[in-house]
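In what comes next, chain A is part of two complexes: it sits with chain B in the first one and with chain C in the second one.
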Partner chain A sequence: MERVLTIEDLYVSFDTYAGEVKAVRGVSLHVDKGEVLAIVGESGCGKSVTAQSVMRLNPEPPARIVYGSITLCGQDVVHAGDKQLRSIRGKDVSMIFQDPMTSLNPTMPIGKQLTEAIRHHQGLGAAEASQRAVELLEQVRIPNAAQRVKQYPHEFSGGMRQRVMIAMALSCSPQLLIADEPTTALDVTIQAQIIDLLAAIQKETQTAIILITHDLGVVAGMAHRVAVMYAGKIVETGSQEDIFYRHAHPYTEALLNSLPRPDIDRSSGRLVSIPGSPPDLFQPPKGCPFAGRCSYAMKICQEQMPPNFPQGEGHEAACWLLHKDCPKTMRGGAKE
Partner chain B sequence: MALLSYILKRIGYAALTVFFLMVLTFLMMQLLPGNPFLGDKAISQVTMDALYAKYGLDKPLWEQFLIYMNNFLHGDLGLSIKYNRPVNTIIADSFPYSAELGIRALVFAACFGVGLGVIAAIKRNTGWDSAAITLAVIGVSIPSFIMGALLQYLFAVKFRAWFGFGLPTMGWKGEATKILPTLALCFGTMATVARLTRTSMLDVLGQDYIKTARAKGLTDSEIVGRHALRNAILPVVTILGPTAATLLTGTFVVESIFNIPGLGQFFVKSIRENDYTMIAGTTVFYGIFLVAATLVVDILYGFIDPRIKLTGSRRES
Partner chain C sequence: MNAEKLLEVRSLCKYFHVSGGTLKAVDDVSFDIFRGETFGLVGESGCGKSTLGRVLMGIYTATKGEILYEGAQLNPNRPGARFRYAKKAQIIFQDPYASLDPRMTVGSIIAEGMIIHNLYDGRRRAERVNELLEMVGLNREHANRFPHEFSGGQRQRIGIARALAIEPEFIVCDEPISALDVSIQSQIINLLRDLQERLNLTFLFIAHDLNVVKYISNRIGVMYLGHLVELASSEELYARTLHPYSNALLSAVPIPDPRAEREKRRTILTGDVPSPIHTPPGCPFAGRCPSVCAQCHSEKPALREVLPGHLVACHLVGDDGVFKG
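Take a look at the complex of A and B:
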């Protein structure tokens, strides 16, 4: 398996007036060719910061990579200069953003925005570029592509704009595509279409994808592997089946339990949620960051950071409950 | 087609605006104390009556207004009471000076203002930014009569003392005489434009589509030139319209300081001298300029931002 991206022990901080926000605290992950890795977790857990670090797209300053390495297609991203970064961005790795309504330049025709990256990286002429723009729109199933390329973003609907963003991201056939909550700003029927489109294109082109989301339905739809993030750390990582059926971390369990389900909890009439709120990343706790909200928290959880405990092939979780000396308890939740 | 009907409609509104401007000017002139013929020497009542009759001021106000409107529609702004020359001729003689000075100042202010604003925004919180902002604050807070005098002192008096040559401080003949008045006139506008551009640019640079552009691997100058500037320029264009009208029709202060025979002096003098036709003439001239500049700005919007569709009818929008 060809490795597209390796992140090792990445620490990213934001220097603010109030102090240093430790947004990403020791994340390690990897993505292989043709693989879809989902990063899930609640808002502010560091998913986007991690992903944007791959392109060094976090504004620096205030963002700062404190420690760790990022290797994208054999290139060191952390120590890359401006010129090298520009040659990576858009060509080796590209990104789809959350809100298609604001991610396109309102004063530039779609076609021109679509081909900007190809013209920049491959030096395509204007005529070839406009031909390519039509092909790209057809690739993301936009009808009347030849007329559409001349139009401006405000003449497109939200779903169509997200298709344009996808086409734009794919224009240089990148090795890695980062989709940062690509469906969050869309309504439900359009969400399904966009996910289907992404999955279909992924199969056609064998592009590796990092899918950032807090929608576990989207994860089930297309991810091969899943990394669950909490307070700047990956707390559990494994295959899609591992996460959905053999999850080992209480946070993963709590996330899954808070999915609205038709078959349970009809009596209370309320959606299940995780009590409490995530820790303050100005001063992250020295123990497990989830300890304060965890139903199984023990004394050690408050004091010491749990290491990763392997749970099988490619499946590991950072939780003291998995330590061999920990007394096994009957885990609560929906299944028992 | 939609644009044409929009423009026609706007011209209709413009005509209405100018009409009301004339009515108001006409009425307010009557409130001015004194009359045009009061001077150092006392004038007998007989002479006064004869003068009133000569300039038609003995007629009722509504009749005066109708006569004035009739002349105006025939392109005649009347005879200046003070100078005993047609207002048309006075404007035709002096406006070219004011217009040239105004255009120079406007172009200079727009180019350097936008440039400074962009630099300040890109190099935010650095020495460049502070320098540009300091310059802008100075420009906004120093009135043009002080700026004019300062420039004269520095570039004419001091330069002559230091280097043996200096820039001329008077008149409007040859390029050298035009430098200082242009600088004095443009400085305030340039500062305003710079501040506005900086604010607007900072807003645009924080937009998602700038991140999209960065994610494509574009260079900073490509991002600013292709994506940011066009989106950031709209508020600047908005203020440049009325500013253009003000600068082009002449400014009393700068023209007085540099002794330029422009139109600016007549705005002020005519009121002091109760020169009714001159007051109305200069006011209408300025009014038409202002309305036209606003219309040009609104049409420019449509070209800068494709989301703004200019149509003649209310329903389409």
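Take a look at the complex of A and C:
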């Protein structure tokens, strides 16, 4: 497998008036060609900051990469200068944002916005570029592409704008596509269309995708591997099947159990909920960040951050319960 | 649950006059809400579900049609009527950030309704604020703090405490959990259910997350482009979906289970929701419906009961409750 992205031990902080927010605290992950990696977690867990660091899109300052390395297609992103970053962004890695309403320029026709990146990276002329714009719109299944390229963003609906965003992101055939909550702002029937489109394009082009989402339903629909983040750390990584059916971390378990599934209704009793709320990242706890909300928390969890314990091929979780000396009777987890 | 009608909605319409013409946000909607039940209202953005909730609250005045509350007609334009109705009906808003006044303490936010309605004396009000805070899972020290000191989930709890302060019977929950994180959503859903049981509340629960609506509701209404297209008990709607739109909506919801997700048969709709300004003459869903027929374009189907308690507005559903698409 060809490795597209490797992140090792990444620490990102934001310097604010109130102090240093440690948004990402030691994240390591990798993405191979043709793979969809989902990063799931609640808001503020650092999933977007991690992904945006790959493109160095976090405004610096206040953001600061404190430590760690990011290698994208063999290039060091952390120490790249502005010129090198310009050549990486759009060509090797591109991004789809959450809100298709605000991420397009309202004063520029769609076709022109679409081809900005190709013209920059490949030096295409105006005529060729507009031809390419039509092809790109056709690739994302927008009807009447030849007329549509001349229109402005306000003439497109939310779902159509997200298609334009996808076309724009794919315009230079990047190695890696980062989709940051691509369907959160869309309605459920439109969400299904966009997910189908992303999955089809991913199959056609074999682009690696990092899918950032809090919707585990979307993860179940298209991810190959999943990383679960909590309070700036990855607490569990594994294949889709590992995470959904053989999860080892209590946070993953609680997250999955707290979702109302279609097979439950009023008669099923109360939902399982996770008490409390995530810790404050100004002063992250020194032990496991989930300890305060975890129903299995032990003394050591408050004191020391657990290392990653391998749970099988490509599956690992950071939880003291998985230590070989921990009694296995501690939990009646929801396992297969 | 007894089948006493708390709220009756009869041919309710709410139109807005906009520059392009008349926007029919709610068009000829009729249904009942029974005392003690949770009535779920689902649909995509722009389908009119929030407008309907606001008309029922008396925030908007209906263009046509009538609302009966405990059998008496509600007319928010009559002096004092809206005020008296507000004592019985309250609303919980979607955005816990925008719906709390940042310059008021939590205690005064919760007490405001009691002061306006002249309930209790000062000391009792302060006690009641403490009771309410504890009822929603916060503690009494929080009364002196300001909204910005709280997280989204806690703010939503404050919004719930405010709605409960004047002991209403009926609460419109307008997407109360959409702005919250997954792990917090279930806390709020559980809280709403506990409160409903304790205080015998009636809920109109508006949401676009179908799994949540199914979990919390006794009956569900599906809206599309200002129309109510299907209405059934929550189990019935999922077990025997009749309207093609409800079908597409239910099948589009991603299931957080990869195996079920792979096996699921999905109906993916093409196109977008049409503009509510120039609505087509026939069925509102005709333009996107996979089983559309000629009659659908010319004639608007009426909402009718095809099975006991199961209402649907579709030409293709026979009187025996079988879909002939």
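Heads up, the rule we're going with is that the second predicted complex is superposed on the first by the 318 of 336 C-alpha atoms of A that agree within 3 Å, B and C clash if a C-alpha of one lies under 4 Å from a C-alpha of the other, contacts with A are read in each partner's own complex, and residues count from 1 in each chain.
Simple rule for what comes next: a residue touches a chain if its C-beta (ideal position, glycine included) is under 8 Å from a C-beta of that chain, and two chains touch if they have at least 3 such contacts.
It should be emphasised that the depicted structure is a prediction, and the values quoted were computed from it without experimental measurement.
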item	value
Touching partner for A:Ala80 - first (chain B), second (chain C), both, neither	neither
Touched partner set for A:Ser258, first chain B, second chain C, both or neither	second
Partner chain(s) touched by A:Gln240 [first = chain B, second = chain C, both, neither]	second
Partner chain in contact with A:His121 - chain B first, chain C second, else both or neither	first
Touched chain A residues, chain B compared with chain C	C
Which of chain B and chain C A:Gly159 touches, first, second, both or neither	second
On chain A, positions contacted by chain B and by chain C	none
Contacting residues of chain A [partner chain B, same complex]	55, 57, 85-91, 94-95, 97, 99, 102-108, 113, 116-117, 120-121, 152, 154, 165, 168
Complex interface listing, chain C residues touching chain A	38, 44-45, 151, 153-154, 181-187, 189-190, 193, 208, 210-212, 214-218, 234-235, 238, 248-258, 260-261, 266, 268-270, 272-273
Sites on chain B touched by chain A in the complex	207-209, 211-219, 222, 226-227, 230-231, 304-307
In the complex with chain C, residue positions of chain A that touch it	42-43, 157-160, 187-193, 195-196, 214-221, 240-241, 244, 254-256, 258-262, 264-266, 268, 270-275, 277
